Every structure is written in structure tokens, then in C-alpha cells.
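One chain, chain A, links the two complexes that follow: it is found with chain B in the first and with chain C in the second.
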Partner chain A sequence: MRLGDAALDRLRDAVRAPDLAGTRYRLVGPLGAGGMGAVFEAEDELLGRRVALKVVDVPLDGEAPAEALLEEALVLARLEHPGLVPVHDAGRLPDGRAFYAMKLVKGERLDAHLGHVALLKERLRLFLRVCEPVAFAHANGILHRDLKPSNVMVGPFGEVLVLDWGLARPLAGAGGGGGAGTPGFMAPEEARGEPVDTRADVYGLGALLDAMLRVAPAPPRPKALASIAARAMAPDRDKRYSDVPALAADVARFLDGERVEAHVEGPFERAGRVVKRHRVAVGLVAAYLLTRGLFILFRH
Partner chain B sequence: MTRFPDTRGSLVAAMRSPDEATRARALSTLAEAYWKPIYTYVRLKAGREHEEAADLTQEFFARLVEKDWLARFDASKARLRTYLRVLADGLVANESKAKGRVKRGGGLQILSLDFDAVRREAEEHRAAGELSPEDFFEKEWVRSVFSMAVERFRETCVADGKELRFALFSAYDLEGDAAVERPRYEGLARRFGTTAVDVTNQLAAARRDFRRIVLELLRELTVSDAEFRLEARALLGIEPST
Partner chain C sequence: MNKVLLGLLVGAGLGALDGLTAWFTPEARSQIAGIVMGSTFKGLVAGVLIGLFARKVRSVPATLVFGTALGLLFAYFIAHMQGKYYFEIMLPGAIVGLLTGYATQRYGRNSQTAAA
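What follows is the complex of A and B.
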């Protein structure tokens, strides 16, 4: 038998689709795929709402991916925060695949969203909102370990959500994943398979900040911000920010026009920052001096 | 009740079994999965005409056995699919040497393969040239694996007296092209003299059985868990986001 292309597509869909027979869910369609699972939109017929189902992508796969997916569900269920997607349900489908159901959030990936965020300040405010759930997870003893633009979603009402906690590990005794993260966003100690702590996520956030400043239309990139990203991504973790709040505080200082910890300013740079920060007062003084100068000039 | 080869673990291991029947079954399955991809690849990549490509395909499987090519396959370095494609490249490149040793189209026809069935498609594709030979090789491999799984599923249904299940599966998932709207369950129920609820249940069960058969077949065609996972993603067209 020689299958046509249309039959081939239908068979692929049939094998890939989660088996929802006898469950409370009805399949609506695919949403995307991640490192170990595929995400589908489904109707929760019991509660009459749409949900996102994350399912181990290869049916009847070995136990390791299933356990990892269920562990991810447990991690997310323990972390209740507006920047994290709430988990509603978890278990096994009739075809044996592990799954969990979560709130359906239809939004844009951060990198796509930045394409229409031209203002530097807006980008930095988004970055600070990414830091919040990560810091919250750290406070609850969980590391994300795979922070990157495709794992951040911006919802239709501006909500910022940190997704894909598939590589998340408890902070206590977190061994290295042996390079399980994403090159370019993964801390060197993580890539070497060494034990990691919150500073591995500080590295990831530094790489994320750096990436956020480069997405076109890229705003001008002040030296102070480049220094913040560089400090967060220091190869030696002892030279990074000690934790996410310290990184976020330095970015907030930049936003407020204050001197940032990661950057040593030259005198002109400092003067420029002070003028920018106090532009109203400086403007009033300048206007006063100009008026006064003109008055004296015309009087003589 | 076993209608499939006993060597569920891997055909690569079965191809080197001391038992001749096991080796023959393994070769048959391997050839079934790969002869069309090899034939079309030789035609597209090396620009060979039909007769020549058909001979080279036969020769490929003959040499696979004679030279024990699979003994050198290392699953930690490449997928079996890639390894076989590279072997095909080598066979074509060394063709002049092979010509001296082998009388083509003669005693090396160890398999009964219907080349005419795939000839037209290869020629149409060569004229259109939409995919690279490597991509077309992968596409033909996907088609071969699914075709084998459909045939195994049909055999299973016949053996278990579930012909209606296969007929519904065939009508819903195999028939018609992309432009044709898929039949409604009520229409299938009338056509096959059953109820819409039965159609729903039969199709759900058919998909579950078919899914299991596809993955069992893929297990045979791969060597390690890592290769199985990679190939399953390729087979199912799963593209992870970056």
C-alpha cells in the first residue's frame, strides 16, 4: 500500500494526538512542542472551559520523560504566583502518556512580543516582571534552569508568564543537569554538570536581558545595562549578582536614573545620568539662568 | 498471538542473529522500510535512471548482508536512517568498482521489490524538485514506516475478527485527499450499518492500536532509546521550539 500525502498527514496527527477517550477533555488542536512534551488545546467538558494539555510527546515512551513531566506539574502546583501558569490536573491518559492540564494562556513568545516594544524602559519593565516569578520560585526552593525568550509568554492583557519548568529542580542539593539547558542561556557550571544554585538562574536572566536588548527594533543599549548583563553572566558565579532580587534591583536603579552597582561611571556619563534623572529641575534652573543672563545682557 | 518478527528489540541485532530465519525476517522488514527511500534517493541525488537505480537498490541490500555493513553501525554516533543513507552515497560513489565485481540486475536480486509503484513518484518529484534528496529520503522513510504499520494493523484486525474497525479507520483516516472533507461519523455509521457511538468508539480504539503498532515498528527500526525518541519525533513531525 502506498499512502498519499493527505493520508500521511492524518496518520501523523492520529498518532501524535493524545488519546482523550473517556476523559473529561476533548481535543481542540495542537499549540506547540517543547523539549519533552507537546502542548494541545482542549475543552474541559466537566468545567466548560478551555485548557492547555501538556503531554509526553512520544506515546508509550519510557518512564523517564513521564516522570519528568509529572515532576514539572508538581513543581508548578507548589508555586502559586501570577507569573506562573496554574496547574489544574495531572495523570495518565488512556494511551499511557503522562499529562498535566493547565490554564490556557494565548499570548506571544517574549521574543516575538519585543518586536513591537521599541522603548527601552518598557523592555526593562518586562524583564523585571520575568524576574518576579523566578525569585518567587527561588524563595520556595526551586530553580528553573532553562530561562530563555521562548520560555516566557506575554499574555493579551500584558501578563508575563514564565513557562516550561521541565528542567526545574529543588534548590537543595541541585546537581548539574549535564548540559540539559539551552546553549547561550545555560550557566557554565550547569554545562559542566556541576552542582548549581540560584546564580545559575541569575546567569540565565542575564542572557535573557542581553537577548531582550538585541531584538529588533533594538533600542540604544546603554553601557550601564551592558554591564548589568555582563555581571549577571560572569563565568565565575561568585562574580555574579548573589541572587535574582539583587539583579532586579540594579535594573530598577537604572530605570530610576540611579547609579547601578555593576557599572563604574566616567564623569561625563555621571553628569549625563544626573541631568537625565533630574531633567525637570535642571531645565528650570537652566531656564532661570538663561532668562537672568538675557536680562543682564539687555540691561547693559 | 504474534504476527510480527520476534526481534522486537532491534532489527540491527536480528540481522546478525545466528538463526537464518530470524536474519531473513529482519532483512525483509529492513528492506520494506528502506527500499523506497534508497531507490528515490539514488534517483534524485545521483541522477540515475529507473533501471540503474533499481539495480543499485537491490545491490545495496545484497551488500548490506554480504559485507555485514550493520556491524559497523554505532547508534551513539548516528541514526540508522542516516547511516543507511550515507552507505547509499558510498555505494553510488564506488559504482565503477562495483561494476567490475558484480553483474547488475542478475544474481543480486535478493528481494522482490515493485519498483514501478514508486517510479512515477520519483520522476514527478525530480521534475518538481521541491525537496532536497535528503529531505525526500526522510519523507519516503516516513511513508514506508506508516505504510508498514497500516498493513500490520490490517493483519491484526483480520486475525482478531475486527474488520469493521479497520474499514472505519481506512474510510476515515486513509481515504481521500486533503481537499476532500473527512466523512462525518453519522455518514460512516450509515455506510457501515452501525451507530455513530460505535464509530466513535471503534475509531478511538483503532487509533490507539495503530499508535501502538507504529511505535513498536519504530522500536524495531532503531537501536537505542535516544535514537527511538529522535526518530519518533521525526516520524510524527514534532518540531520543538528553540
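What follows is the complex of A and C.
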């Protein structure tokens, strides 16, 4: 007898579904699946609230995935920030699988959310809010190492959360993961398996910024912004921004109409930026000069 | 820069420039020094008043209205002294008041903020 795809999917789901018997959690349904586990919506019956349970798959290759999941929970628990999902609980389920419970966030992945954010300025403000928890993590000695649009969620009230800290490592002695990140978003030194520092996440954020500007409906992409992304993604990490706040500050300068560090302006480009930044004052001066000019002209 | 000082500088500067435009009127050219000094003083007083208003009210639209009204009022006094050129003096005067109001509110800082 051959099983159809649908039957196989159901079997896979049944195997993946965690055994929550005897725990404070009641399974509600699956939320998503990743490389080493899956996330489920569950009811925390003790506190009467919905949570997200991240559960490692049935272990086939030893304890490494379970240890990685619990390490992720430890990293997240250490970082309390509005841009990070709080961890409520962690441990082992009756079936022996490692899990952790976190706040249930219902929102959209960043790439999906950008589909209805057409304005460049709004996209950049979102980007700055992604930078905040990453900079916070760095200040607390943690690297994310897998920054990409699918790991950022935008909640229904506009809250921006950086998810999936499964590859996060302490800054001190963060050895290369041997290409554990996502191609296109992973710093070259990370891909080569070399030791990494905060500039690996600067690269990831640069790639994220670049991706955010390309999602349709893509807004016009000013040269200064392309230069910021290019500097953040410089193959040589010494040529990148030194840290996330420096990158965020340059994006903020762009938003404020100021000159950005990553871009050398020509005189016309600079004049255009200054006029745009002070367009009301320039308009009023022009109105004054026009009025005066017309009076002088007509008097003669 | 605080709003009052900025209002003073912008008002005086624009007033001086506004006075200098009298050079293009041949019959006024001989009195250009007096006109420039008077116009600078007028702009300076208007600028300080607009700066004080901007510091107190902290609203761009309200400061624009106040600046325009003050610019019109001061320009009216000047035109009234001459008894002619009301439109030619009052319209640019209003724009100068508007510009001073915008500049003080948009670019000036309140003293407390600047100190912090």
C-alpha cells in the first residue's frame, strides 16, 4: 500500500506534535516549522494565556539539537527588551523533547509586512527598530548571526520583534559557525568559519536593509541609502560600520535629510538634499524674492 | 540657538536685506542708509517678539500666523509713515514675518532644551 502526500503530511504532523500530557500546556495547533523543530500554539492552563511552544524534533542525532534549543532559551531569557520575545519557561516534555515557552506574537513576517509599506521612510523606521534589539543584544554580549526578513516579525500594533536566536552565540569567543547562517545574509567571515564579532550582524543588517528596499512595491532607492547598505555589507569587515549603533545613526541621518557617512556627495546632490531638507524655508525665501522682484520690475 | 536670539538675528538680517531692496527704487536711493537702519531695527524688534512668542507657544502654525500678522503690522506702520506703497511694503513684510516665524520655530531651541 502506498501512502499519499496528504497522509504523509498528517503522519509527520502527528510525529512532530509534542506530548503535553501532565504539563501545564494544552496543544492548540502548529504555528510553523524550522530546521530542528517546530513552534506550536498552546494554552498555558496555569496562567490562562496562550503561548508559543518551540519544541525540538524527535532526536535522531543525539542531544545536540535539544542542547541548542535550551541554549537559545537561555540567551533569550538573558535579554529583556521590547524588541525580543520574552521566554516564560523551558525544560523537557514527558516525551523527552526539549522545549521552551515564549510569548505568543501574532503578526506578519517582515517581508510580508513590507508588501503594504510603500513609503521609504516607513521602511527605514522599521529597519531602525530592528537595529535596537540587535544593538541591545550586542551590548549584552550576544550575537544573533542569522538576521533576515523572515526572522523579524511585525505585530498588529506595530511592534517589531527579532526572532529565532537559534544561532546566537556569546560575543566572547564566537567562533565561526561554518556557514550556519543564511546565504545572502551571512557575513563572508562567518561563511568561512572564522571568528566573528558584532560586524557579522552589521553585515546581516546591511543585507536586511538591502532586502527591505527591494520588496515590492519597492520605493525609489536613493544613492546614499545604497551606499549605507554597501558599507554595512563590505566583504572586508574593517570597512563596515564598527557597530550597529553606527549603522543605525547613518540611516537616521538619511531620514533627517543630513549627509550620511557612507556616501560622498557631488555638489548638485548636496544642494538638492539641502533644498529638500529645508524646502519650506527655501520656498518662503523664493516667494519673498519673487514678490520683491515683481514689484521692482513693474515699478520700472 | 535659542528662539529669541535666532528671531533677533533672522529678523535683523531679513530686515536689512529688505531695506537694501530700496536701492532699486531711484527716488529712495539717496536715503538708503536710513531705510536700511530703520528696516533692520524693525526686523530686529519683530524677530525678538516672534522669538518670544515661539518660545511660549511652541506651535508652528500659531507662530506662522503671529509672524505674518506682526510682519504686516510693522510694514503697515512703515507704509503709513510714507503714505504710499502700502501693497509693495506690506506683502513682502508679511512674507518676512512668516519666514522669521518659521525659522524661529523650526530651527530654534527653547532655552531649557538647549541647557539640557
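Here is the rule we go by: the second predicted complex is superposed on the first by the 285 of 300 C-alpha atoms of A that agree within 3 Å, B and C clash if a C-alpha of one lies under 4 Å from a C-alpha of the other, contacts with A are read in each partner's own complex, and residues count from 1 in each chain.
The working rule: contacts are C-beta pairs under 8 Å (C-beta built on N, C-alpha and C of every residue); 3 or more make two chains touch, one makes a residue touch a chain.
These numbers were taken from a predicted model, which means no experiment stands behind them.
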Chain B versus chain C as contact partner of A:299, first or second or both or neither: second
Chain A: partner with more touched residues, chain B or chain C: B
Touching partner for A:32 - first (chain B), second (chain C), both, neither: first
Which of chain B and chain C A:291 touches, first, second, both or neither: second
Contacts of A:264 with chain B and chain C, given as first, second, both or neither: neither
First, second, both or neither for A:280, with chain B first and chain C second: second
For the chain A and chain B complex, residues of the former touching the latter: 1-12, 14-17, 19, 21, 32-35, 38, 57-62, 94-95, 109, 150, 182
Complex contact set, residues of chain B against chain A: 117-118, 121, 142-143, 146-147, 149-151, 173-178, 180, 182, 201, 204, 207-208, 210-212, 214-215, 225, 228-229, 232-233, 235-242
Residues of chain A touching chain C in the complex: 280-281, 284-285, 287-288, 291-292, 295-296, 299
Of chain C, residues touching chain A in the complex: 18, 21, 24-25, 88, 91-92, 95-96, 98-99, 102-103, 106
